Amino acid sequence: MLEKLKQDVCKANLDLVKYGLVIFTWGNVSAIDRESGLVVIKPSGVEYDNMTDDQMVVLDLEGNIVEGNLRPSSDTPTHLELYKAFPEIGGIVHTHSTYATAWSQAGMDLPIVGTTHADYFAGDIPCTRDMTEKEVTGGAYEKETGTVIIEKFAEINPMHIPGVLVKNHAPFTWGKDAHDAVHNSVVLEQIAKMAFVAQSVNPNMSMNPLLTTKHFERKHGANAYYGQK
Amino acid sequence: MLEKLKQDVCKANLDLVKYGLVIFTWGNVSAIDRESGLVVIKPSGVEYDNMTDDQMVVLDLEGNIVEGNLRPSSDTPTHLELYKAFPEIGGIVHTHSTYATAWSQAGMDLPIVGTTHADYFAGDIPCTRDMTEKEVTGGAYEKETGTVIIEKFAEINPMHIPGVLVKNHAPFTWGKDAHDAVHNSVVLEQIAKMAFVAQSVNPNMSMNPLLTTKHFERKHGANAYYGQK
Amino acid sequence: MLEKLKQDVCKANLDLVKYGLVIFTWGNVSAIDRESGLVVIKPSGVEYDNMTDDQMVVLDLEGNIVEGNLRPSSDTPTHLELYKAFPEIGGIVHTHSTYATAWSQAGMDLPIVGTTHADYFAGDIPCTRDMTEKEVTGGAYEKETGTVIIEKFAEINPMHIPGVLVKNHAPFTWGKDAHDAVHNSVVLEQIAKMAFVAQSVNPNMSMNPLLTTKHFERKHGANAYYGQK
Amino acid sequence: MLEKLKQDVCKANLDLVKYGLVIFTWGNVSAIDRESGLVVIKPSGVEYDNMTDDQMVVLDLEGNIVEGNLRPSSDTPTHLELYKAFPEIGGIVHTHSTYATAWSQAGMDLPIVGTTHADYFAGDIPCTRDMTEKEVTGGAYEKETGTVIIEKFAEINPMHIPGVLVKNHAPFTWGKDAHDAVHNSVVLEQIAKMAFVAQSVNPNMSMNPLLTTKHFERKHGANAYYGQK
């Protein structure tokens, strides 16, 4: 079942390696079939080298395994929370990519200071708050990770800011499908690196919000004129 | 028409990938045939992987498409302004290369602190001013990006400083042809990285202007003695 | 003798090159056969390019060569001290990998600020104290390097923090076997890089200790649920 | 003539590319045959891609071309000064490698803070003073670059510190032959990177001088015991 989606998710996981975003098993990609409400995700702790489509795990949105012989990624409950809260998204990526993870560890929002950022994310990329003792140790840590992410998007459109930094942990990104979520993950790592260098060079940098709107809209707005469509 | 120039421009675009200056579609190269006044430029939003010579778009200096089935780069109006203002230049490159973009985001001129810089750029590489609301939202954003660049070169010879940092955006470089502009783009990224490291190590660094003149002249002056010519 | 262990140790040494942790001869891996008490280690100053299993040197825990035509790594006495002090460990790695070495040179513990770190090391990775004149010049420098490491682990379980930074020198890591020690060495380099970037971005970063425990336990605790076991 | 030396010098130049120390034509290697007093050096401004042994230029120590159809490197007078002043050296390398060049631009000695450094350089690597107007513009700039280097070694053994940072320019390294000089150039770049990171992490870092002596001597002293010799 969902053969095409399993192919897409497997390929998207391998793309994380291709783009230098993961080593070992430090990342996972999922995608959802909104019609059936089923999610396809990478198995837990499996190396990328020999990963195949049929190792992908299929679950429903409550986390029940519908198909697959392997355990799903330990981050699965986080993915499920996001799919439930953000109905527009079709794919999710989690990595420990170097620079985005460093900003997460620093506990800081990734400030928007350039049009590279604005081409994909229409503002600062938020960093979640500290989790409470109950959230960490209460038995639903990965689900609660989703909760603190969603809390940050109470007043943010997740399609305008398709990513987040989980404090002391690492980033999640999403998109209309798995491929798009990987694309946003590559962008996030790149803008996190640039912002690190820019802040080192000038700690007082800032950006005109008009420029943010202009760049986001020229790629994603109603009158977008970037590209060939 | 302009088959040779289309080949050069296509190859120069692919060189951006080879030198690690672009990912996805984040860059574009153009060149001008000064005799006919026609410009060849990369199409907008097209991936580099299968790019071919005949995808290049040919325009006149007013932006009218003379040949080509694809939309030209969304940055085309910036290129055209530069060709009109700087008659000595034959090729232009725009990238979002990491370190040069970081300095652009920092909103700072790239200070000349070494002979590597002086071998190609005879002084600080200027960063443009903030654009006004009208420039950003008035409908000619990319053209106005050219305007703010040209403003910076009112008293600078663009062949002595063949590049610029657009504030909160990214660099443009140019040269006598597309190949030369790419070369300057590679150099700019390298010296932007070195200046970041040098400033971190010693925020009070400086350089003797005599050394700048010496190095620029030994490569580009009337009595140049670098190389085999 | 110990053919399998020699293969493992040779392969683990080559993995240091594959993971970008060493250049030239700047690293060494050993492993111990606890039954016989014999240690297999890389020969000193031998290039990785043509390294073969049968170049590995076999020694007893007192440093007597049992098999092999080449001198063992000059760091051998450090390895032997660690095997004697930490009975749980089966493999040891020493590298001069860039970021972990930089923290060693800085003379600072590597602070735990992220779950990537906590997934493998259950707290700060300690940096050893300055060695005394006698320790450096008394004729047993490499053995004393082991002593100052062990001193740091008086109240730390070496399987909970499987690595150390030797002040002004470089890291050692260990694990249940040579492969595992190399894995920890790759992780250490990665988290050292992330912590450098994170501290640059926010010098006041910190991490909730509950999160450390949670992540270490979900991979290594009695009720671990990461991966497929 | 000097076929073997030309091969060595050509190969050493290509090794600069292999080790990532140069782009374009930004580097040069020479070697000297002390018996004949003849120096072999890379031609000026020639790309590495198709470099061949017979393009190497042979000169005497006064700079007269003895063999070769191409102009020698524009830095040749610097090399010749060093060969005349330092009779123990057999090969010289000049690069604009990123981190060593950044320290040169910062105008700072590269501080010794680790044993990786001490394994090859027995102390801080000096940065030269500002050159005077006469030295820069008097017509013998490259020769005077040699002079300011030699000045720094008035009380330093060039075989104990086989390299230097030329202020606002870039490093030179040397060794017993071209291969050895390239090796030192790779090491210099690596320790320059580590020192940048270490200083960022702890601006007050320092190192026990006993450790410097210990490490330099165990590789290069009368009783060296590193490696297989």
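The first chain written gets the first letter, and so on, giving A, B, C and D; residue counts start at 1 in each chain.
The working rule: a contact is a pair of C-beta atoms (placed from the backbone, for glycine too) under 8 Å apart; a residue touches a chain by one contact, two chains touch by 3 or more.
By chain, UniProt protein names: A, B, C, D = L-ribulose-5-phosphate 4-epimerase.
What you see is a predicted model, and the numbers here were worked out from it, not measured in a lab.
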item: Set of chains adjacent to subunit A and to subunit B; value: none
item: Magnitude of the superposing rotation for subunit B and subunit D (Cα, nearest 5°); value: 90
item: Same-residue or different-residue interface between subunit A and subunit C, half as cut-off; value: different
item: Chain separated most widely from subunit B, comparing mean CA positions; value: C
item: Whole-Å gap between the CA centroids of subunit A and subunit C; value: 33
item: Whole-Å gap between the CA centroids of subunit B and subunit C; value: 46
item: Subunit A: positions in contact with at least two other chains; value: 196, 199-200
item: Set of all touching chain pairs, with the criterion as stated earlier; value: A-B, A-C, B-D, C-D
item: Footprint of subunit B on subunit D - complex, ascending; value: 23-26, 43-46, 70-71, 74, 96, 98-99, 101-108, 130-131, 133, 136-137, 141, 168-170, 196, 199-200
item: Subunit C contact footprint on subunit D (complex, rising order); value: 113-116, 183, 186, 190, 193-202, 205-208, 210-211, 214, 218, 225-228
